[in-house]
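In what follows, structures are represented as structure tokens.
Look for chain A in each of the two complexes below; its partner is chain B in the first and chain C in the second.
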Partner chain A sequence: MHPLSKNPFNLTKANDYSDAQINDYWVDMPYGTGFLGMLKPSSPMPTLILGGKGSGKTHLMRYCSYEIQKLRHAGRLPLAIKSDGYIGIYTRCEGLNANRFSGKGQSIDAWRCVFEYYMELFLSDLLLAHVKDLLGSSPEFKRRESAFCRSVLKLFDEDDSEGPTKLDSLINSLRSLRRDIDEKVNNCAITRRLQVKVRATRSRLIFGIPKAIQMFSDLHGVQVLYLIDELENFSEDQQKYLFTLVRERSGPSSMKIGARLYGIKTYSTFSGDEEIKEGSEYEKLLLDEHLRSNPRGYNAFARRLIVSKLAESGPRDDDKALAIKADDIDQMLEGRKDSRFYEAETQQFVMKYEGREPPHFQKLRSKLSSAAKASRPPGAQNAGEISKIIDMLRVPGFPLLEKVNLMLLYKAWSEGANLAKSAHSIAGMCAEFQQPRGLQSIYGVTYGHFAQDLLAQLFRESDLPQRYCGIDSFIHMSMGLPRLLLIILKHVYNWAIFNNEQPFSGPAISAESQRKGVWEAALWFFDDAKSKGEEGAFLQDCLKRLAELFREVRFADKPVECSLCSFSANTSKISAKAKENVELAEKYSLLIRVQRGQRDRNSMRVDAKYQINSLLAPLWDLPIYRRGALPIDTELMGAIFDPDMVQTFDKLVASRIAGMNAPFHQKASKEKSAQQDLFYVVDTHD
Partner chain B sequence: MKIQPLENELYDKIELLNRKVWENRLGRSAITSWLDNFNGRCQTKDVEKLHMLFLLSNFLYFGDAQMRELLKAAFRDLYKYPIVERLRRENQDTRNLGFIQKRFDEHLQATRFLGIGNPSESGCHMLYYFRQMNSLPKDLFINAYQMFKRDKRTKKRRLAYGRVKKFVFLDDFCGSGSQVIEYAKAMVQEAKELNPQLEIEYHVLFGCRKGVNRVKFSRVFDRVSCLVELDETFTCFGRSSRFFHAAPLEIKKQIAKDICLEYGSHLWPNFPLGFGNCQLLIGFHHNTPDNTLPIFWWDESAPPWQPIFKRYPKIVYF
Partner chain C sequence: MIDYTIFYKTPLDPKSDWPKDHEWDLFISAFNSSKRVHDVFNQARSKEKHWLIFPEYKYKTCEYPPQRHFATNADSEADFILQFLSQINGQINNRRICIDLTGFIRPYQMVLTKILAEKGVKQFDALYSEPTVYAQREKTHFSSGSKCAVRQVAGFEGSHSTDTSNDLLIIGAGYDIELISQVAHHKEGAKKVQLLGLPSLRADMYQENVLQADGAQESLGPANTFFSPANDPFVTASVLSKIAAEYEKRVPITNLYLSPLASKAQVLGFWLFYHFEGNERPTSILFPFKPEYSRETSKGIARIWKYTIETGSRSSNNYSRSVPSRGVARKP
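After this line comes the complex of A and B, so read on.
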């Protein structure tokens, strides 16, 4: 078998997993209450599970289904169900072909009635089949089967005392009724008639049967948990029906409803069009946000997930073994090399420019030479002075320190300082910084904040690849969406095989394979995470513009923010269209909202704050870890997100960036007031 | 979005092709070894390697699954449908499936399939899969020598299968056409002399248009059919080459040709751009035709060369 066909990360969608795989790949959050603690399946409170694509909603919901309960508790049923406190009835909205229940010349009311009745039959069928499977062979069931069937039949509008007394026959009767509806609905487009006799009132079966099953001692006190996944496939009216059930919930039953972030079309109910109330009528579980807000727990969970995938065919590991193996993953992927002032990371750069002027000095020389003819910056007015400045800023063998020196010089230049004197002072600070305890100095603060950005500049200026590698980076880049992590690893694995490596079984996967893999995953995500049609294409363009703005700032001579991949904006002031697109980007996980927002430095108003999804970072050489946030004004927000204002984007960006690049022609005062001082870096990393 | 260097883009494409189409035959080390053949004899090493990487990213490869599907298509489109068409035309466009099937079966029973070349060659190699994929009985397949037998009484050669009305020569690839003509001409002529009513056809999966036309015009066969015809756009350095139509700016057709000629002349002086100057970039699961640029497949002991899509040559002992 070719190693590629064994790629353990090939399957990334829980829908594609078999029941056994759902059970085998189940990994819980190692800290806190775990996933089941978040979902609370035995709690009567309905839950709306919201999350981006690949956040694990389906896996979680299927894990609570009766099919998986059966696997999990093999040999211990039905006692274990009683101990769980619930029996899970899982269904996907997509499987119902719910879009059949509309149009075809029929009124909305007619379709509503038929759909509600169909759902009653469908969910009842599933529940009764599970009850039969669970209790079918127990003596008590055989004794009370007939009485149970009678109590179910009583739930129908017409009392059918002659109805089936065996559960199998009852299930068959329900299926037959459903097939009859299927036939009439499917042919309605041709016949233009919809003559369905509705035999049960809304919610009578769905909430009545759970009460009826309490007559069996094995199910007494057990809650029926309806797990309804992929709500986004229901129309607004159909969602309204489901939320009405949430409101009307009664007896030993509850509902957990899964949907994508953009999947909720309404919160309204048929109870006087009132919306269901979060907190009192239902709880909301924002799955990926929850995972993101607990980075330590998510990291540990993600590592265990990888181990469970790698051990696909082997025996199941217990929690302790999983944790030990999870720690080994670091060794399986080549990571960043720890060395003083990134000496090891920049070795390739040093070798490339041995005996040659490195590009950052070439650029400085060129900029100073041009400026010498025009604005004549003090201290750098001829070739001799320029060479002296450059010589002072050299730190052989440590190009990153040279970049810090240059950044400080550019800052001095922007302030109109004497560059020769500044270079002398910077060289002194640099020498001091290299001594022990140097990190405390202003030079050390600059280094601490901007080292990663300056490293990225070094690589970019010398056409060396940026480094997106190491398991922690990948976990972070998945932004709480485990599927993204699996997709990154799938591509990394493919590239490692292509590069003749032995991923996860031989030496560490090379940085090159990781870089290639993550690049492909990023391309895939950028293409996948968008809505259809023109709206989706425009959203992609918005993200491109935003990322380009971040890139311009990151690679400027004097970047105003470090590790820039987020922005803040007063969204109450931006145009409706721009706001709509920002929200859409958030729903598709292209932008991630930072919960606490960002306090505006001038007005102290709390603005909305968003981070570009870290998985997109490689496409524009952006950082993956959020630190600084760029305040974006209303005008520029419009140029990025509003289709009517995009033509102003280039001009606005050029104006914004001019103050960050030598020779700093932009009015320094305006820049200074709008942006923070170089050394006043708000560290918002959290 | 960041623009990748061309080399990276080409590797991306090659990795994808390798995974999806090339049956994972290559890996980075195989590509590196192959690129190491190009030592800067014609252009700088970097230029040579980039151009060769570009050619590799345009290599057309047909794997096992594709070849099997093509064999199904060959039986259906080149053999079965023409017969069915004729049957219907001769019978008032009948739609009687039972009738058509019965008559088609009669035709099939009166047909024998042969490979081009001896049983060890690719034309014959195809027959096994052709039979498998089309669920055909094995007695419909013969070796070329079985076409004739010597009459015990008269000692003269005669056709071995008196009831057979059609012979179909099956081949995987037709480049210049010269080999098939050379192989079948005498045999077909003898068979036709013994039974002028015989239909003898040549069916080939892939063929260069010029080569296929050459076989047609040779009139050796009653009918020549090709499943995938490679027109002049498949000639790598031809005027209308499809490969350089939208090539990146760094890639120049003349430079690529110069490199291939330089190294090709060293490898195979008579045909530096492939047998019959076909200049193809094509390979199959079972072999690479010699009409493909030799820089891809050359694997002889002298001069030493590391192939990327190795060819298993016919070795002739004299």
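After this line comes the complex of A and C, so read on.
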């Protein structure tokens, strides 16, 4: 077998799992009530499960289905179903091929009636098949089968007393009715005629059969739980019908409806076009948001998920074993090297520039030389003075400290200070910082905030690859979407095999394999936006512009924010098109909304705050952890997100960035105040 | 499992006159800007010749050809074809019909062949001209536009099972990576099989095809790959029949979805398989509909193929189709 086909992360979608795999790969959240506690399958309250693609909706819903209940409780049915309190009837809206119920020269009303009737038959068929499977061999069922069939037949508008008395025959009759509709709907495209006799009123079968099954002692008190997945495949009118069912729900039945964030087209019902009410008529479970809001729990869950994927087929590990192995994963991937002032991480850089001037000093020398001819910055007016400044800022063997020195010097330059004096003072602070307890100084604060960004600058200036590695980084980059984590690991595994490594069984996977794997995963995620058509392609452009802005700031001489991958904006003031695209990017998980927003530093107004999905970070050398948030004004928001205003983007960004790069000709007052905040306030964010 | 390779497949020389018996009563072709479509239209001998102008090519009225043509803004592919056929004089089921598939947009092609069969046409010829090269090789764009709606092709919406546990989606994977991804996304729950054109129309086109199909790998998931010649509808139909039989043998297929996205010859093969075996299990043909298609995607004519299709017999509304049982050898 080819090693790539052994990749334990090849299967990334719950849809590709068999029932046994759904059961085997089930991993619960280690803290709190777990996933079932969130979903509450035995509760009569309907739930709308919303989440980004790959957030785990399908896995969770299928885990509650009868097929998995059977596997979970093998040998203990039907008692265990009674103990669960529900029987799960899982279906995907996709399986109904619902878009055929439209057009073909027929009215919307005609299709609505046919679709509702079809759904009645479809769900009833599924439910009755499960009842037959569960109770078929019980003596009580055989005794009461005929009476049960009669009670189901009574639910139809025309009582058919001569109808089937055996459940198999009843199911076959329902299937035959459905096939008849299929044929008529199919032929309608050619014949332009649709003549379907609707034999059951809306919701009569769907809520009537769960009442009828209560006659069997094994199902008495058991709720029928309709698990309807992929609601995004229904049209607005079809969703309206489903929400009408949620409103009209009665008896021992409930519904859990799964949909992608962008999949809800309406909350309206056919009850006077009223919307269903959250809290009283249904609950909403925002799955990935829930996972993101609990990073510790999500990290532990994600590690368990990886262990379950790595485990060979065989008996399931118990929880304790899972926890132990979960901690071992750190050793399986080469992580960042802990060393004083990132000495180990920057060793490659030091070696590369041994005996040569490193690029950051070359750049400073060049900028100061140009400026000496024009604006003549105090203290750096000729080559000799410039060389002295550079010599003062050198810290042999610790290029990261040199970068901190340069950042502080650029700050002094932007403020018009004497650069020779500033360099002298910075060199003193740097020496002091290298002593114990140096972290409390301004130098220490700058280092604490900007070390990662300056490290990224070092790598970029010297054409060394950025480092995105280590299991914690990958878990964080998946942003509460477990499928993204599996996709990252799938590509990392493939690259490790390609590089002749033994992933997860030999020495730690190299940083190189991880970097290439995560890059490929990021590229896939970004390209996947294209599958949403032209709007997806425009969103890609929006994200490119936003990421380019972040990159310009991150790699500026004097960045105004640290660890920049988020922004805040007053979305009530931006154009409708820009707002629509920001919301769409959020629905496709390209942007992640930060729940608490960001308080504007001047007006104290709370603005909306969004983070670019961390999985996209490698494409633009951005940080994955959010710290600073860039306030973006209405004009620039338009230039990023509004198709009618994008032509102003380059000009606006150039003007915004000018104040962050030497020689600081167009220093914007906003940048200045933001910069000062950063240097004197330890944590202004969130 | 049916062996469709008993149907006739004949090469025609693009550079010299065709044999005298190659003459028809009704010749139907899809109008676009491709030279291979126009050359064949001019070369074909027929009492009536019709251009179909599909709205997705976005031709303005002033760009329409001088010959007899049909254009309308129908609400579906079936509506378009029905309207077209309704304006043809006289019965069509006793006429010698030839369709040049080359410029057709796939759903229209399938609906036309379906309706011809439904109207009692027992046999028709289909032509397909192979290009020398695609205009921008593997980067060639065949479709464009904002929305992409994946749905069943009108008239190819089978009666499906509530059980979706072993659904199978067979994609005839062409160059258009977006279309492959869209279909795969639409039937996420189905097992996927991709059918690649091998032998391809030209030697380098296989590599181009693989390069493109690989881009859709994440959407496809763990898909098995099969091969059938890009220019042979009959082998394509036979391969589909074999794939379905093999999968059925392992675990019964709950629902079968077909999505022909590759060459028009392969589309004809998918149609044949649906036509003769679609009733055996819940089967539909899915297609990612785009609002616009490129008018010209290729250069030159390498070869022209004539496929002779026998639609089988039918009685009233209840189809009982059968492939011709004659043991004729295929012409080279």
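Throughout what follows, the second predicted complex is superposed on the first by the 663 of 686 C-alpha atoms of A that agree within 3 Å, B and C clash if a C-alpha of one lies under 4 Å from a C-alpha of the other, contacts with A are read in each partner's own complex, and residues count from 1 in each chain.
By definition in this document, a contact is a pair of C-beta atoms (placed from the backbone, for glycine too) under 8 Å apart; a residue touches a chain by one contact, two chains touch by 3 or more.
These figures come from a predicted structure and were not determined experimentally.
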Note to self: Taking the superposition on A as described, I'd like to know which of chain B and chain C A:463 touches: first, second, both or neither.
What the structure shows: first
Notebook entry, point to check: Of the two partner chains, chain B (first) and chain C (second), which one does A:654 touch, if any: first, second, both, or neither?
Noted result: neither
Check: Should A:431 be classified as contacting the first partner (chain B), the second (chain C), both, or neither?
Finding: neither
Checklist line | Which superposed partner A:494 touches (first chain B, second chain C, both, neither) | finding: first
Margin query: Contact-wise, after the overlay, does A:544 reach chain B, chain C, both or neither (first, second, both, neither)?
Written below: first
Next item on the list: Using the touch definition from the top, say if A:20 reaches chain B (first), chain C (second), both or neither.
Entry: neither
Notebook entry, point to check: Quick one: chain B or chain C, who's touching more of chain A?
Noted result: C
Checklist line | Doubly contacted residues of chain A, that is, touched by chain B and again by chain C | finding: none
Item checked: chain A to chain B touching residues, read off their complex -> 2, 4, 463, 494-495, 497-500, 516, 519-520, 544, 547, 618-621
Item checked: Interfacial residue positions of chain A with respect to chain C in the complex -> 10-13, 15-16, 19, 67, 91-92, 94-97, 99-100, 103-105, 122, 125-126, 129, 178-179, 182-183, 185-187, 189-190, 192, 230, 233, 487, 524, 527-528, 530-531, 533-535
Notebook entry, point to check: Which residues, counting only chain C, touch chain A once they are in their complex?
Noted result: 75-76, 78-79, 82, 114-115, 118, 145-149, 151-152, 154-160, 162-165, 167, 178, 181-182, 185-189, 191, 215, 218-219, 221-222, 255, 284
Item checked: Of all residues in chain B, those that touch chain A in their complex -> 1-2, 4-5, 11-12, 15, 18-19, 24, 26-29
